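Paired with chain B in one complex and with chain C in the other, chain A is shared by the two complexes that follow.
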Partner chain A sequence: MAAVLQLSQVTKAYGALRALDGIDISLPDNAYISLLGPSGSGKTILLRVIAGFEAPDSGSILFKGERVEAVPPHRRNIGFVFQNFALFPHLSVAGNIAFGLENRELNPITDSAVVRARVKDIVALVGLTGLEDRGVAQISGGQRQRVALARTLITEPSLVLLDEPLGALDANLRTRMRAELRAIRERCGVTFLHVTGSETEALAMGDTVLVLDRGRIAQADDADTVYNRPRSAAVARFLNCYNLFEGQLSKDDFISPVGRFPLQGQKADVRGQPAYAIRYDRISVRPLAAPVTAEEVRIEGTFIADEYSGAAINSFFSLDDGRVIEVESHLSQAAPQTCVPHGRYALVWKRQNALVYA
Partner chain B sequence: MQASGTKLVLGIYTTLFLVFLYGPMVVLAILSFQTGPEGGPQFPIIEWSVYWYKHLFGMTPPTRIAPLPIEEALVRSLVLAVMTMIVSTVLGVTSAQAFRKKFTGSGFAFYLIVLGMMVPGVLVGLGMALIANALGIDRHWWGTTFVLHVVYTYPFAFLVMLAILNRFDQNVEEASWSLGVSPVKTFGKVTFPLIFPGVLSAMLFAFTLSYDEFSRTLFASGRDLTLPLAIYGTFSVEVHPNVFAFGVLTTLFSFALLGTYAALMMLSIRRARRVAIQEEA
Partner chain C sequence: MAMTAATAEPASADRPARKMPDRTLWLLAPGVIWMVLFLVVPILMMVYVSFWTQTTFAITPTLTIKSWVMFFSSDTYLSALWTTIRIWLIVLAATLIVGYPAALFVGLFVRNKTVQTVLLVLCVIPFWTSFLIRVLAWRPMLGKEGAINLILQGVGLINKPIEVLLFSELSVIIGMTQIYCVFMVGPIAFMMGRIDQSVIEAAQDLGAGFWRIFRTIILPLSMPGVVVGAIFVSVMVLGEFATSAALSGRKVNLLGNIIVTQVGSLKWAFAAVAGVVLTILMGIVVAALLRVVDLRKEL
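The block that comes next holds the complex of A and B.
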């Protein structure tokens, strides 16, 4: 697959803050890429640099094989969907969608019949038929999202940047729009770069998931790899499903503040600060007296509370040094241990399930 | 009890305030209906009549009271106000647009612009007269005065536009650029329609400030007087109610102007409300 967009060593600083600190990415043609980053990781700035709203301090941006750092946004042919949609409030739905075709610098379409036909096609594609003459204030949030998308897609960009496109929608609509966005993208055959702060959204949407940490790409893999094998403690933290212990790696053990965790030949990934990560759903809760096998790791904790979420229960335990450990028990697998408040329990996991970073 | 007492006091205060605000105008309006030509600019009203309105338009038999020499002054003032309005608004819109981004010396430039409305008019007028004399430039209402009117009204237009652009969602412009529309066309098709209410306010400010500007004009205009100067000139001889009649007519003209402004504003606000709803959702 040809790369539609290639960034190498792109940096951008605001005073002392290095918002983008040597970004290298390569986006394939016709793919859905999600970019996960916590707030402040530089994800919006990265999009704005790609779109041309901001100039990078250094590094190169190749779009379809050509350098575009010095090309103004309106000559890049890169679409942008804003979190607040940024629709033109003085135009109707159809007026918004037709705007780019009619007014663009390169090859504007002056024949209103052609414009109307194109608008009709794209309106059908995104599911807005019947709303063409409404004002953009007279439609719902989800419909506005579609207008923003249709307005961009009609100009046939090779790449569409979406800045937290689902952030302004309510939870119900967000889930529906996820599937819809993927379907629309497949029909158009363009590359979507979807920026989000939600790990579930990033994993659900992206063919490839990029994880941005403090101005650098911390990982670029498919969703499954990112979820199961985060490349650094920072990535594991963003995924919101790992308990992390800081500490030191010795020969056969990981020495954490709550005790030694014996290792089982795991090769430590050598990235960032040393850490030991165990996923919420890899831990089981047992009575203190229950036996432990040789390949298991055991620590003790005091039960605080649990949270029922339908398919699973998340329980919280405090360890002796005050930190809180989260355990996720899937109700479909087995009835979980019922815990008494303030009771002490053993938290046990298999050695090979832990991820070690050094 | 306490609350209603405060309410009463505030109510009385507000009423008195409004009476003081509009009292002089009402008195003038009443006196403009004094009979003529023997009735003077004082109470009591001898007899109600529209004599002085007729006098204004030269529809009365000639008397010793000369008609107001305002015909040409009125035209001059209107032309000057329109010229000032156009130039100040264009300058205000474009420079406020420039101030959306910080540039070297932007703070200094800001104070320099705003200074134009702060410095006393008499000083600026006198200064302009001196410079014009020194450089051998003739003083005219369409020359030296016009420049001073722009210097005076441009900061108002600038500040109005600055406030409007401050609340303007830049993403809307960026969205337009990302669709392939050039910045110039984006300004015309997106930015300008959205800031139009502000532009109207800036125009109104510039027009009204220029129309009744006195102190700057006094020194900077040459032989040909503008309306405020012409009216002031008649006071120095003798005041007749024809001035009041004229005052009533110009006030009505101003109301008509405000009415037009309000109507245009209503249209824009309806559009602005659409924006507001969009931002809430």
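The block that comes next holds the complex of A and C.
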């Protein structure tokens, strides 16, 4: 697949803060890419640099094979969907959507019949038919989101940047718009770069998931790999489904503050801080007296509370050094151990399920 | 059970509804009383007096349209009306031409709120001196031996002083534009400040260059500010008499100057006619400006 966008060694600093610290990415044509990063990781700045609202300090940006660092945003033809939608408040839905066609500097369309036909097509594509003449203040949040998207798609950009596009919507609508965004993208055949702070959104939407950590790309893989094999402890932390222990790697053990975890042939990834990660749903809760096999690791914890979420129960245990461990038990598998508040339990997992970083 | 619920509901819904008019009345009363006593009654009085009979030294409440006929058949009064309209239009255009770019800069390009406030305060600095001093200060500036002429002669650009600078329509326009410009800058800068930066970036991202964005986004979104500023400037310029008296050497007579002269010579009926004409003119101007933009929707 041809790369539509290639960034190499892009840096951007604000005073002493290195917001982008040597970004290397290559986005394929016709794909849905999600970019996961916690707040402050530089994800909005990265989008603004790609769109041209900010100039990088160094590095190169190749868009469709041409360098664009010096090209102003209105000549780049990279779509940008703003987090707050940034609709033109004085124009109708149709006026907003037609704006790009009528007002762009390169090749504007002056024939109003052509514009009307194109608006009609794109309005049907995003499902806004019948609302063309409404003011943008008279439509709902989800509809505004669609207007923002339609307004960008009508100019036929090869790349659309979406800055937390679902952040302003309520939870119900967010899930529905996810499927819709993917469907719209497939119909247009362009590349979407979707920035989000939500790990579930990033994993659900992206053909490829990029993880941004302190101005660097920490991982770029498909969703399954990112979820099951995060490349560093920082990525594991953003995924919000791993218990992490800091510590030291010795020959056959990982020495953590709560004890030694024996290893079983894991290859430690050498990046960043040494850490030991075990996924919430890989841990089982047993009574203290229950036996443990040779491949298992066992620690003890005091039950604090649990949270019921329908398909699963998340239980929280505090260890002897005060840290809290989360355990996720899927209710479809077996009735989980019912825990007594302040009771002590054994937390057990298989050695091979742990991820080790050194 | 259902019965009691049904009867209880209207009673509870009634209570707040009954209370509201009370509060409305109390909130409105001071303003309404004030406006009736000091605005509505005097205006009606002015209209009434304009139909009184004016003799050289006295005025009697016998109704007649003689003053009105006199006003509209006299070249002096009609030319004053025309001068007023002409100067108003020129000053309005001048304040807009000078003020709009300044407001655009302060409201849109200066994103730091503190700097924005400082710049707006700078615009208001001329108001730290009294109106009369500000007007009179133009004389040593524009006069035959004033600063501008001296400098231009010193540099060698001219060898004879430009006389038209002072005691002419030009000097009145210069003076008024300087005084009223800030009333144009303020409201426009306010509207500019409310434009979301990301809206402009969105237009840029869709491919529009600066002038296109200015025409299609910035100008329409700042129109309410222009209209409010234009109303401020219009109302003040139309009622002006001091600037023209001080800077035109009595050559430029606005309706305001006619009123001052007529009142000075105790011609109350004529003054009232000029006053009514001026009030109607302002009413038309304000109504026309309000038609340009629906302020209730925009603000």
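Going forward, the second predicted complex is superposed on the first by the 358 of 358 C-alpha atoms of A that agree within 3 Å, B and C clash if a C-alpha of one lies under 4 Å from a C-alpha of the other, contacts with A are read in each partner's own complex, and residues count from 1 in each chain.
Following the convention adopted for this analysis, a residue touches a chain if its C-beta (ideal position, glycine included) is under 8 Å from a C-beta of that chain, and two chains touch if they have at least 3 such contacts.
Here the structure is a predicted model, which is why all the values come from computation and not from measurement.
Undergrad: Could you check whether chain B and chain C clash or fit when both are placed on chain A?
TA: The answer is clash.
Undergrad: Give one of first, second, both or neither to describe whether A:144 is in contact with chain B, with chain C, with both, or with none.
TA: first
Undergrad: Check the residue A:74 against both partner chains and state whether it touches chain B (first), chain C (second), both, or neither.
TA: Both: A:74 reaches chain B and chain C.
Undergrad: Would you check which partner chain A:53 touches, where first means chain B only, second means chain C only, and both and neither mean what they say?
TA: both
Undergrad: So, A:99: does it touch chain B (first), chain C (second), both, or neither?
TA: both
Undergrad: Please indicate which partner A:90 is in contact with in the superposed arrangement: first for chain B, second for chain C, both, or neither.
TA: both
Undergrad: Taking the superposition on A as described, I'd like to know which of chain B and chain C A:174 touches: first, second, both or neither.
TA: In the superposed model, A:174 contacts neither chain B nor chain C.
Undergrad: Based on the superposed arrangement, let me know which partner A:136 touches: chain B (first), chain C (second), both, or neither?
TA: After superposition on chain A, A:136 lies in contact with chain B alone.
Undergrad: Report the partner of chain A that touches more of its residues: chain B or chain C.
TA: Larger number of chain A residues touched: B.
Undergrad: Output check: A:194 vs chain B and chain C. Expected answer is one of first, second, both, neither. What do you get?
TA: A:194: touches no partner chain.
Undergrad: Intersection of chain A residues contacting chain B with those contacting chain C?
TA: Comparing the two interfaces on chain A, one with chain B and one with chain C, the shared residues are 51, 53, 72-75, 77-80, 82, 84, 86-90, 99-100, 103-106, 151-152, 155.
Undergrad: State the interface residues of chain A toward chain C in the complex, per the touch definition above.
TA: Residues of chain A touching chain C: 51, 53, 72-75, 77-80, 82, 84, 86-90, 99-100, 103-106, 108, 151-152, 155.
Undergrad: So in the complex, the part of chain A that touches chain B is made up of which residues?
TA: 51-53, 72-80, 82, 84-90, 99-100, 103-106, 135-137, 140-141, 144, 148, 151-152, 155, 168
Undergrad: Applying the document's contact rule, which stretches of chain C touch chain A when the two form their complex?
TA: Chain C residues touching chain A: 196, 198-199, 201-209, 212-213, 216-217, 220-221.
Undergrad: Which chain B residues qualify as touching chain A in the complex?
TA: Per the stated touch rule, the residues are 169, 171-172, 174-183, 185-186, 189-190, 193-194, 271, 273-275, 277-279, 281.
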